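Report on the structure given below.
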Amino acid sequence: MNKKALLESALFVSDKPLSLAKLADITGLPQDEIKPLLEKIKVEHEKDEKGMDLVETPEGYEFRIKPQYRDKIVKLAPMADLSEGLLRTLALAVALKPPVKQSSIVRYQGNKAYSYIEQLEKKGLIKTEKFSRTKVIKLTEEFEKYFGKSVDELKRILEVKA
Amino acid sequence: MKAKQVEQPKAEEDILKTIIEKESWEDVIYYIVGLEQLNPWDVDLTRLTESFLKFAQSVKDLDFRIPAKVVFVAAILLRLKADYLSIFEEEEDDEVEKMLKEEKPFAELGIDPNLVQLGYPMRRVPKRQVTLEELISALRSALEVRERKEERVKVLRGQLNVNLPHEEEDMTIRTEKMLKEIDGLMQKLHQDKIEFGQIVKEWKRDKVIEKFIPMLHLEHDGKISSEQEDFFKKILISKKTLQSKN
Amino acid sequence: MNKKALLESALFVSDKPLSLAKLADITGLPQDEIKPLLEKIKVEHEKDEKGMDLVETPEGYEFRIKPQYRDKIVKLAPMADLSEGLLRTLALAVALKPPVKQSSIVRYQGNKAYSYIEQLEKKGLIKTEKFSRTKVIKLTEEFEKYFGKSVDELKRILEVKA
């Protein structure tokens, strides 16, 4: 049994990100043995000829389709990893030009926005900071990696298209 | 359905082979029915199961969909048998009664419970990441929702014929403004308590509301405290403490 | 855009095998260009350190977990927790042709069936509706997705044959 292959198969089959602890639980390997193997898988997938990336998010590790291929394969997989509500929050955060006050997003989305913001923060796509009485939302590097574009580029695209 | 007994040695093995070879299990059922001398009723489910288990043990690489197909084929055959049973329901009432009390009616009907246990298909639920196009369309929807909301407010305002002041203005801004006004008035009057009426420009419903709501917010935030001796009496506002605010 | 990577991302994200024709449709590549690329992906995945195999089935190509890793990662599969009892209830619901009266299933499974039906409903595989004094069980879209067959298809087969 090849340990790296075992990790890869677990990441392939799971529909959720897998934490180090979970991976250790499934594979029976110690976490400090898993980490370098994941690093190896990650580096291998960075090659141009690979279609997925191994990404580490606050929720754990997961394979993600590289951004440049998503448009083409969209029809094959109806399940997206972000719900419409979460996506709207994200889009608003970009469009309103980050850093954005939490209250500005709530103005558009209503009270549901609080929970969306929390979820997005858990996923590592945004981070929030407290400024006196209000929370300010910033986009993360993870966000840029997710869309394969810088926040500035995205802003420009949203301005033109929306 | 006629229950014609036809000797069909190894029929179950043939069926199993078909299950494995044919991609869809419908084909298997068609195949069974299509077997010239084989009535589906005559398929021995126990034997089919045994063949399957034997097969499962012998292969190294088991396609997870095969057990799923086996369950369906068995389920359909069971259905055929159940129909057959119901034809004789009246005569076999006692039989059915007995069966109801049985722990394992499946076994009673000739289905090995292990077959069912084998039957869970392991399917991935692959999730993909969203595309830029989806992000853009989400923004459009968010903006549309906002526009519709504004439209509704406009209509409502029209209906109520009340000019709700500064509805769109951020409450944060309104409370900050109000706090400044309170501070200013206190300094001007050299008082540490002022009357709510003193900061309302004009004693009209909308003007009162314009100040009353931010006052409640300020009170809730602990910036001021307000007191009123009795209903409809004067409301007195004081700064809560000489806070280290700002 | 790397053609091999695009194929890989399509195969990764699809929950069904993909035929050459389908792959050509998605990628816009001619089939005779796709075939050698698939062959390359296949050979690459045969290495011990890879967790999946690229398998050609009559329906098309798909990634599959290598057999030696399946036992370990079975826990990650959705619905892996379906017990034998639950599976029997499901099989009965199919066999008895949905919509099925709850009482029919109880006839076969005994009183435990009530709890199974409740659990299956919670998992979204079936739904129940009240009809006067009895509950009627229907299969859901989730069920269809899980077993890859539509309820209508199932019914048609059962009607024709039964």
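Letters A, B and C mark the chains in the order given here, with residues in each chain numbered from 1 onward.
Just so it is clear, contacts are C-beta pairs under 8 Å (C-beta built on N, C-alpha and C of every residue); 3 or more make two chains touch, one makes a residue touch a chain.
None of the values given here were measured: they were computed from a predicted structure.
Enquirer: Name the chain whose C-alpha centroid is most distant from the C-alpha centroid of chain C.
Expert: A
Enquirer: Of the chains present, which has its C-alpha mean closest to the combined C-alpha mean?
Expert: Nearest to the common C-alpha centre lies chain B.
Enquirer: So the centre of each chain is just the mean of its C-alpha atoms; given that, what is the distance between chain B and chain C in Å?
Expert: That pair's centroid distance is 19 Å.
Enquirer: How far is the middle of chain A from the middle of chain C, if each middle is the mean of its Cα atoms, in Å?
Expert: 26
Enquirer: Which chain A residues reach two or more other chains?
Expert: 12-13, 15, 65, 70, 73, 76-77
Enquirer: Show the residues in chain B shared as contacts by 2 or more other chains, in ascending order.
Expert: 122, 124-126, 128
Enquirer: Name, in rising order, each residue of chain B that touches chain A in their complex.
Expert: Those residues of chain B that touch chain A are 122, 124-136, 138-143, 145-146, 170-172, 221.
Enquirer: Quick one: which bits of chain A touch chain C in the complex? Just the residue numbers, please.
Expert: Its residues touching chain C are 1-2, 4-15, 18, 26-28, 48-52, 63, 65-66, 68-70, 72-73, 75-77.
Enquirer: What residues on chain C touch chain B, complex-wise?
Expert: So the residues of chain C in touch with chain B come to 12-15, 57-59, 64, 67, 70, 74, 77-80, 82, 84, 87-88, 91-92, 94-97, 107-110, 145-149, 153, 157-158, 161-162.
Enquirer: In the complex formed with chain C, which residues of chain B make contact?
Expert: Residues in contact with chain C: 23, 26, 29, 33, 40, 60-65, 68, 71-72, 74-76, 78-80, 82-83, 96, 99-101, 103, 105-106, 113, 116-117, 119-126, 128.
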